[in-house]
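Remarks on the structure that follows.
Residue numbering begins at 1 within each chain, and the chains themselves are lettered A, B, C and D in the order written.
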Amino acid sequence: MSKTLDLPAPPLQVSHWFNTPGPLSLEALRGRVVALHAFQMLCPGCVAHGLPQATRMHEAFPPDQLAVIGLHSVFEHHEVMQPTAALQAFIHEYRLAFPIGIDQPDPQGGAVPLTMRTLGLRGTPSLVLLDKQGRIRLHHFGRADDLRVGALIGQLIAEPGEDESVHCDDDGCRLPELRHA
Amino acid sequence: MSKTLDLPAPPLQVSHWFNTPGPLSLEALRGRVVALHAFQMLCPGCVAHGLPQATRMHEAFPPDQLAVIGLHSVFEHHEVMQPTAALQAFIHEYRLAFPIGIDQPDPQGGAVPLTMRTLGLRGTPSLVLLDKQGRIRLHHFGRADDLRVGALIGQLIAEPGEDESVHCDDDGCRLPELRHA
Amino acid sequence: MSKTLDLPAPPLQVSHWFNTPGPLSLEALRGRVVALHAFQMLCPGCVAHGLPQATRMHEAFPPDQLAVIGLHSVFEHHEVMQPTAALQAFIHEYRLAFPIGIDQPDPQGGAVPLTMRTLGLRGTPSLVLLDKQGRIRLHHFGRADDLRVGALIGQLIAEPGEDESVHCDDDGCRLPELRHA
Amino acid sequence: MSKTLDLPAPPLQVSHWFNTPGPLSLEALRGRVVALHAFQMLCPGCVAHGLPQATRMHEAFPPDQLAVIGLHSVFEHHEVMQPTAALQAFIHEYRLAFPIGIDQPDPQGGAVPLTMRTLGLRGTPSLVLLDKQGRIRLHHFGRADDLRVGALIGQLIAEPGEDESVHCDDDGCRLPELRHA
C-alpha cells in the first residue's frame, strides 16, 4: 500500500451531503478514525471494489471508532455525473448507507474538484485514512487489500486520541499539539 | 432458467444506437442467433453480472454466429439515465464494445420504454435469445448461468437457418415459413 | 480452447468406480454426450476450477443428454493419492455426486496411468468432450470457460446420434458409420 | 466474529513440523502476535477460505510482528490424512510457505488431536489469535472476514508487549505478570 504521510488533512470542501442530517467536518470528527473513499459513479473500479469495501468498513466498525465518508470527486464526464439527482439515484440503487459528499467543483472551471486537489488524489477509487488527530496515515490509489487496510484501521483505533495522549515522558512535558498547526 | 416462448420477437424500437455504423433490425439479423441484453446503467445487477456476461458472449462467439445487442431500457430515474450523454459516458468507462440501443421512451409518458413493453420484460438485467428465424427461445430475468446459456446458444447455432431448412419430409412439402406471420 | 480431434476415444481403463452401481464404458454411453474430467485430489486447479465445473455440468444437464465422468488420473504423489480410501474420503468431503473412476495405474510402474496415456492428456485438470458417436470433440488442459464449453455441449447435444443420422442426401446413400473403425 | 477469551493459550502439542528449521513453541513467540490456523487437508472450507487467508496474512505482515502457524488437526478420515507424507504432498502442491505442525494424535485413540482438544476448537477451519503475551484474543470457527481479522491483528500489534508494559500508574506499581499464572 501507499506510504503514509502523517500530514494533517485539509478540510473537506463539499457542495452537497447525502445520508447525514448535516454537513460533516473533519475537525468535528477528531477522536475518531476517518476513512475517506473518493469515487465517481461511472468509475468501474469504484463500483467493483472501492464502494463495496467502504460498505464493509461501515458495517464492520462501530461509528464511534471509525467514520466512513464517501466523496464524489468528479474529474471527467462532469455533465453526466455532476447533477445531484444522478448521484442521488446512484446512492439509492447501490444502497450506500454511509455519509457521502459531493466534492466542490472548481469555481475556476478546472476539471478537478477542490478536495481532490488539496488532498492530492491521483484518481478514483482512492482511500485516505486519518488518525484520531486528523493526520493522513494512508493515501492509497486503486484497489486496497482488506487485510492490510483492516490492520491499519485496528492500529489507528488502538492509538490514544488527543485527550488521552501522554504529554510527559522521560524527556519532559510538552505542550498539547496545536490543532491548526 | 426461464421457459422458452417460441414466439417471433417484436421489432426493436430504438431512439439512438451506439457502437454500430447504422441502426440494427432483427429482421436483418435473420440467420444469426441474437442475444438481447436489457440493462440500465444504474442497475447494480446489470453492472455486476448482466453486462460482463454480454461482453463474454461478444468475445466468445464469432459475429456471424451470434449477434450481441445491448438495450438500455430505462424504467426508473429517467431524468438521470435517459440523456444520451450519460449512456455514452457509461459505455466508454465500462468499455462495452457490442452494439447498444436506447430503448424508445414511451411517447405517452409511461415509465416503461417501448421495446421492453412489447417484449414483456420483467426488469433488468434481462436476457432474450432469438434463434436464426427470429423466434424467442429464452426470456430470462436476473442472473443467468453461463453453462446453461452457453448450451442453448450452442444448440441454436447448430440449428438450421431459414434457407437451409428442409421443406419436405414424410408428410409432404410445405411453403417456406412466412416471416411476418 | 484446445482444438477438437474428431478421433474416436479409446476405452476407459479404470481400476475402481465410485458413485455408480457398476462399471461404465464409453461404448455403452453412445448416443449421449460425455464429459470426462481428469483430476488429482491434490491438484489445486482441479479443486478450485475443474471439479466445481464438473459439478455444475452434472447439475445443469439431464443425464440422458450429458454423462459427466470424473477420472482420478494420478501421475505424482502416488503413495498418497493412489489408495482407494483417500479418494473415497475426498469424494465424500467435496460431495462429488457424479461417477468417478480411478485411472488404472501403469502395470509397468510408469508414473502416468493408462487412460491418461492413451488419451494423451497433458496434465490435470483436463476436460475431454465426446460426441454421441464417441468421438473426441474437445481435448482441453487447464481452466475451461463455462460459456464456450456450454456452447459446445449444446451443439453436441443438438447433433443427431448414430441411429437418427441421415444416411441419404443429394450425394447418395452411405453405409452406417462403423463403430469400431 | 467469535468472542475473545483473554485466557492464556495452552502449549502446542505437535508430532511433526514442516517449513521450520526446528519446533515452535508459543512461549518462544511471546512478544509477537500469533495466528493459529487449524485445518484438515480434506476440508473444503479450509482449502477454499482458511488456508488462503493464512497465506495472505503470512504475506501481509512482517514475521517479527505476526507469526502465522498452521495446525493440521485431523479429527476424521485419519487413515488418509494422518500420514506425514500426505500432508507433505499437500503443502507442496498448495505452496504453503508458513510453519505447519501436525496436531498430536490422541494416544488414547480418541478422534480429536491434543491441541485441538485443549484449545476447545469446534472444527476446521478455525482461527485463533494470540496477543503478545500469549493470551487468546480471537477464537473463531468457520470463515473469517479479512477486514475484521485485519483490524484485530492491527490492534494486537499496536499493543505493548510484556517488556514494554507499564508497571506503574496512578494506582501504584504492580509485579510483572506471571507467565504461567
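FYI, a residue touches a chain if its C-beta (ideal position, glycine included) is under 8 Å from a C-beta of that chain, and two chains touch if they have at least 3 such contacts.
As the structure is a prediction and not an experimental result, all values here were calculated from the model.
Ranked by how far their CA centres sit from the centre of chain B, the chains are topped by D. Taking each chain's centre as the average of its CA atoms, chain B and chain C sit 34 Å apart. With centres defined as mean CA coordinates, chain D is found 53 Å away from chain B. Centre to centre, using the average C-alpha position, chain C and chain D are separated by 41 Å. For chain C, the set of residues that touch two or more other chains is empty.
A ring topology is adopted by the chain contact network, closed into one cycle in which each chain touches exactly two others. Partner chain C is touched in their complex by these residues of chain D: 42-44, 47-48, 76-77, 79-81, 83, 85-86, 89-90, 93-94. Residues 53, 56-57, 60-61, 145-159 of chain C are the ones touching chain B in the complex.
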